[in-house]
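What follows is a group of structures, each given as structure tokens.
What follows is a pair of complexes built around chain A, which joins chain B in one and chain C in the other.
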Partner chain A sequence: MDETVAEYIRRTVLKIPRDEIKTMLQKWGFLSETQLQTINFHQIKENISQDVVQLCEENSANIKQAAVLDIIYNHIYPNKRMWSVYQMNKRGEETEIFDLTDFKKKFKRRLRSALKNVTINFREYEDNAIWIRIAWGTPYTKPNQYKASYVVYHSQTPYIFISASMLRSNLPLLCQALVVASNYHDIREMELRSHSLNSLKDIVFKRYSQNFQTYCPRPLQERNVAPESADLRIIHENKSEKERIQRVNQEVFGDGPQPKLEFAQYKLETMFKSDPKIDVLDKKEPFRCLVKFSSPHLLESLKSLAPAGLADAPLSPLLTCIPQKARNYFKIREKKGLFPGSFVSP
Partner chain B sequence: ENVDPQRTAFLLRKQWTLYSVSPLYGFSNAQLRDYARLLSAFIAAEKQKGLAVEVGVELDIKVAVSSLPDLKGSDQDQAAILVQLSSRSPASPKNSEEKLVWLGWFCCVAGDDLSQNVPEDFTCLPLFLANGAESYTSIVGSWFQKTFDCCFRRLAISPLNLSWMAAMWTGCKVEKTASAMELVFSVPCLPQPLDISYAIHPEDAKALWDTVQKTPGEITQEEVDVFMDCLYSHFHRHFKIHLSATKLVKVSTAIASAHCDGIVKFLQSQYLTGVLMLLTELAISQIQ
Partner chain C sequence: GVFAHLEMLESRAYQAAVKQEEREQQEEKLAKLQARVQELRLQRDELRAKVDLQQKRQLGKGGAVSDPAQPSARAVLEWKIKSVKATLQLFYLTGISGKLTKRGVCFCISTAYEGTYLDSYYLDLLAKPEVQIHRHSIPIFIPLEQIAKKYLQTDIRRFLSVLLDHLNAYVGRRYQADQLQEHFSDQIEGTLQRNSLCNLLVFNYAVSSKSKTFPFSVRLLYGDLCCSLPTEVVVSCAPDAPTALAEAAAAHSELFRLMALHKAFRSFSSAEESVD
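Coming up: the complex of A and B.
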């Protein structure tokens, strides 16, 4: 077995949390159950990985087989990577039946025609997700297995999720191969990025609960309100305002859990406007800003701002449109004409 | 303020943790060599006691204490004192390169408020800046406290003072390629914490400040408030969020950056003394 393969397997096993190693090796299926029985999974990881490498040596593992273990790891821990979303477009209305074998053949052929040194692996999952792992080399060097790119493609949709971690120069080639293999016309990058692959899927597949405008003549009284104090002299301050905020928030964000994003970025190129009483800056050029919001769970965080008194309700559409627009990178310019106060996001 | 940029270049672009230090009793500029020797012995003794600074690595720590006469505001100020800890692994030969592991310096820039009110035997160096492992800072601090009967305290920077820094530093003249004026706000007490970074193009930020500031060379609290309110209302116009209700935790400009936990970075030697003057003032108010 090649030394580089041995080292790659060793390092891949080391990434896996100790309690998960056995299950993952079983999923991989490269080592037999008998072989797995010989490993003591309670020793330190360093030793476990050495034992695994030893057994792989016995089975003469090659790099393609080792790469499968890497896909399995990344499928279980996708949130360690940053994912971008791409959308493909078809020229006409023809819907062809998706042929997996044809897709794989065309993809490999297109990549290999441009680049001899690539390692390509496919793995299909139950939810119609096709995972592709590509390790890139150059005409003179072997593929770098440690900087592989991952592609997740749901064949019933025009969306592709890519975790690149590679030279930007290989990206056009990857996109081209995807378009050709899936019989689409072109592909464009969406302004949507996150570590949470599932949340990105929720957003583009519209799997989160959306806010539908409902006509409510009076405030709904579905929520369980804490029992009022028996003493009628004690009332909640601003009770009606608090209820209004809750209602508006619910309309704007919807009732269900929000997709999980970690950040949103806004490049502002709007005019600076201030209180006319204060004699300040009155330039004809935009006031250039870059605003970045970050949170372990951004949308839930934004949802809680108005109830906490930190923001107005409803919150700005620049923030609440994130799931519908399926983007978290924005460039905001002043809208010219009738309504100088409104914004345009190209 | 003729600070030789070459002599102070090593202070730039490092992260400094700030402390206020009460006046030192019996400190003498003439005994710096002795202090280095004593501190060195103290560190060795602490290591013997098992208060290992670096686990598993046996390092020989060498101490150097020197004076930085350039860093002061006026002649009344004490010259800054620099303490350097370097190490040489015992495995390498005697005259091999020493590696700097920790740096700390005391300074006083325009500290008349304090120095005018202390008795003869006291030396005023109210600001202390440390770069390197916390464990070394702790040992060096303990020695100074024991030897000169002084008190070190972490210097926090309030949002009020951070907004002063934002206004002051935005007003400074810098080259075309200056970095943005960035304010970082934190909202920790939500079910999911939120951080907001608000970065403004340096030319636009300066243009705004220039229309707010009435007298060049002078800044009033009112002007700082107007400046910040303008930035808050521009933000509110877009996002409907009240930044004034959140906590300003960090200010970053081309001149310097400062974090509310008392951590600063100096980025331009031209303005080094100016920033130190402000920090000295903060240190003095913490001592008094």
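Coming up: the complex of A and C.
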């Protein structure tokens, strides 16, 4: 077995939390159950990884097989990576008959025709998600396994999730291969990025909670109603205002959990409006300013602003439109009658 | 002297007269209040009698119900709730219901496949300046934009009908594939290759006959997105298999074309048992 493969396996195992190593190796399926029995999973990770490498040596693992373990790790811990969303367009209106074998063949062929030194792995999951791992090399060097790119694609959808961590120069090649393989026409990057892959999927696949007004008898969600204080001497003075805020909030954000985004960025290119007497800027140029909202869970914190009394309800549509517009990067220019912010840099 | 005495008597008489007047006024007031009390008591008794009568009527079996009208407010409310629930259930069962919103209509599409109710999807439409889709929860792989481009402006009923067909067919195909994986997983070898729309299924399955198992591979193509049965079926077995098996493959192919996937499996599983 190649030294580099051994080292790669060793380092991949070291990334895995100790309690998860056994299950992940079982999922990998490269080592037999009897081989796994011989490993003591209670020793320190250094030693576990050495044992694993030893066994892989016995089975003569190659880099492609080692890469599968990396895919499994990244599938279970996707939130360690930053994901961007790309949208594809197609011209025709033919019914899509997505054939997985066809897709894989076309993708590999397109990529390999431009770059020989690549390691490509595919793995499909129950929810129709196709995970692709690509390790990039150059015409003169072997692929760098430690800076692999990940692509997640759900068949017959126009969205691709990419976690790059590679030279930007390989990105156009990757995009082209994806477009060709999936029978689309072109691709563009969306202004939507997050560490939470599932939240990105929720936003573009419209799986997040939206509040639809219908007559349909959905089971009413039990909201946590604080027990009315038994003491009748306590009166909530602004009870009606609180209820109004709750109602407005529910209309905007819906009942369920919000998709998890870490930030929203607003690039302002608007004129600085001030008292003409206090002439800050001599030139009448747009005042360039970048506003960035960061949070471990941005949309949930926006949802709780009004009930917490920190903001007026309803919130600015610039904040609440994030899931519907599927973007968290905005460019705001002077209002020319239309709602700004939908100017997407091509 | 005498005048002083007379004055004194006069004032005493005056005071006595004032007191007498006051007393008379008090007594008058008292009498009035007592009369009022009597009145109220009478009213209370009347109402009590009414309540008793109503309660008796609700509990009573038949008997002389002299006044059939005047159901209690509570009964009316309960009837109203039951009737509304029944209407909502009716909407749900028909598969599509709509509610007028401030700016248009919001539709709820409930899908079903052969008696099993599956997912519900929502479509929020705006009416002005032209009919357009505001928000929705339709899966991204359903060609909603294409259908909207064709029919939304011109014939909204057709739009909804076509969309309903797509959604029902999709959940039907998905249901069949799920049922297959759930109930016949022991006959399927390897993984069941499917896609988001469930319109291409490729898998290998094994049929046992006379204590031997024979592998088949099948490719089901659902070319019509509004249909939950395949348009193209290819069932193949190993080239060196006996002719009887080739016949069986052809028979299976027909079954897949005509009936639901899991039902087809059920039918040739039981057929095999009867052949043995």
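Heads up, the rule we're going with is that the second predicted complex is superposed on the first by the 301 of 346 C-alpha atoms of A that agree within 3 Å, B and C clash if a C-alpha of one lies under 4 Å from a C-alpha of the other, contacts with A are read in each partner's own complex, and residues count from 1 in each chain.
The rule is short, and it goes like this: a contact is a pair of C-beta atoms (placed from the backbone, for glycine too) under 8 Å apart; a residue touches a chain by one contact, two chains touch by 3 or more.
Given the structure is predicted, the values throughout are model-derived calculations rather than measurements.
Novice: Going by the contact rule set out at the top, does A:Phe205 touch chain B (first), chain C (second), both, or neither?
Specialist: second
Novice: Compare chain B and chain C by how many residues of chain A each one touches, and report the one with more.
Specialist: Here the partner covering more residues of chain A is B.
Novice: Classify the contacts of A:Arg288 with the two partner chains as first (chain B alone), second (chain C alone), both, or neither.
Specialist: first
Novice: For A:Leu305, decide between first (touching chain B), second (touching chain C), both and neither.
Specialist: First partner only.
Novice: Please indicate which partner A:Phe272 is in contact with in the superposed arrangement: first for chain B, second for chain C, both, or neither.
Specialist: first
Novice: Touch check for A:Ile97: first (chain B), second (chain C), both, or neither?
Specialist: second
Novice: Based on the superposed arrangement, let me know which partner A:Tyr159 touches: chain B (first), chain C (second), both, or neither?
Specialist: second
Novice: Can A:Ser196 be said to touch chain B (first), chain C (second), both, or neither?
Specialist: After superposing on A, A:Ser196 lies clear of both chain B and chain C.
Novice: Which part of chain A faces chain C closely enough to touch in the complex?
Specialist: Checking each residue of chain A against chain C gives 93, 95-101, 124, 128, 154-159, 204-207, 210, 212-218, 324.
Novice: Using the touch definition from the top, list the residues of chain C that touch chain A in their complex.
Specialist: 85, 88-89, 91-92, 97-99, 101, 106-108, 110, 120, 122, 124, 135-141, 143, 146, 191, 193-197, 199-200, 202, 221, 223-225
Novice: Where on chain A does chain B make contact in their complex?
Specialist: Going by the criterion above, the answer is residues 266, 268, 270, 272-275, 278-283, 287-298, 300-302, 304-305, 308-312, 314-316, 318-319, 332, 341, 343.
Novice: Name, in rising order, each residue of chain B that touches chain A in their complex.
Specialist: Where chain B meets chain A, its residues are 180, 187, 189-201, 204, 207-208, 211-212, 226, 229-230, 233-235, 237-242, 245-246.
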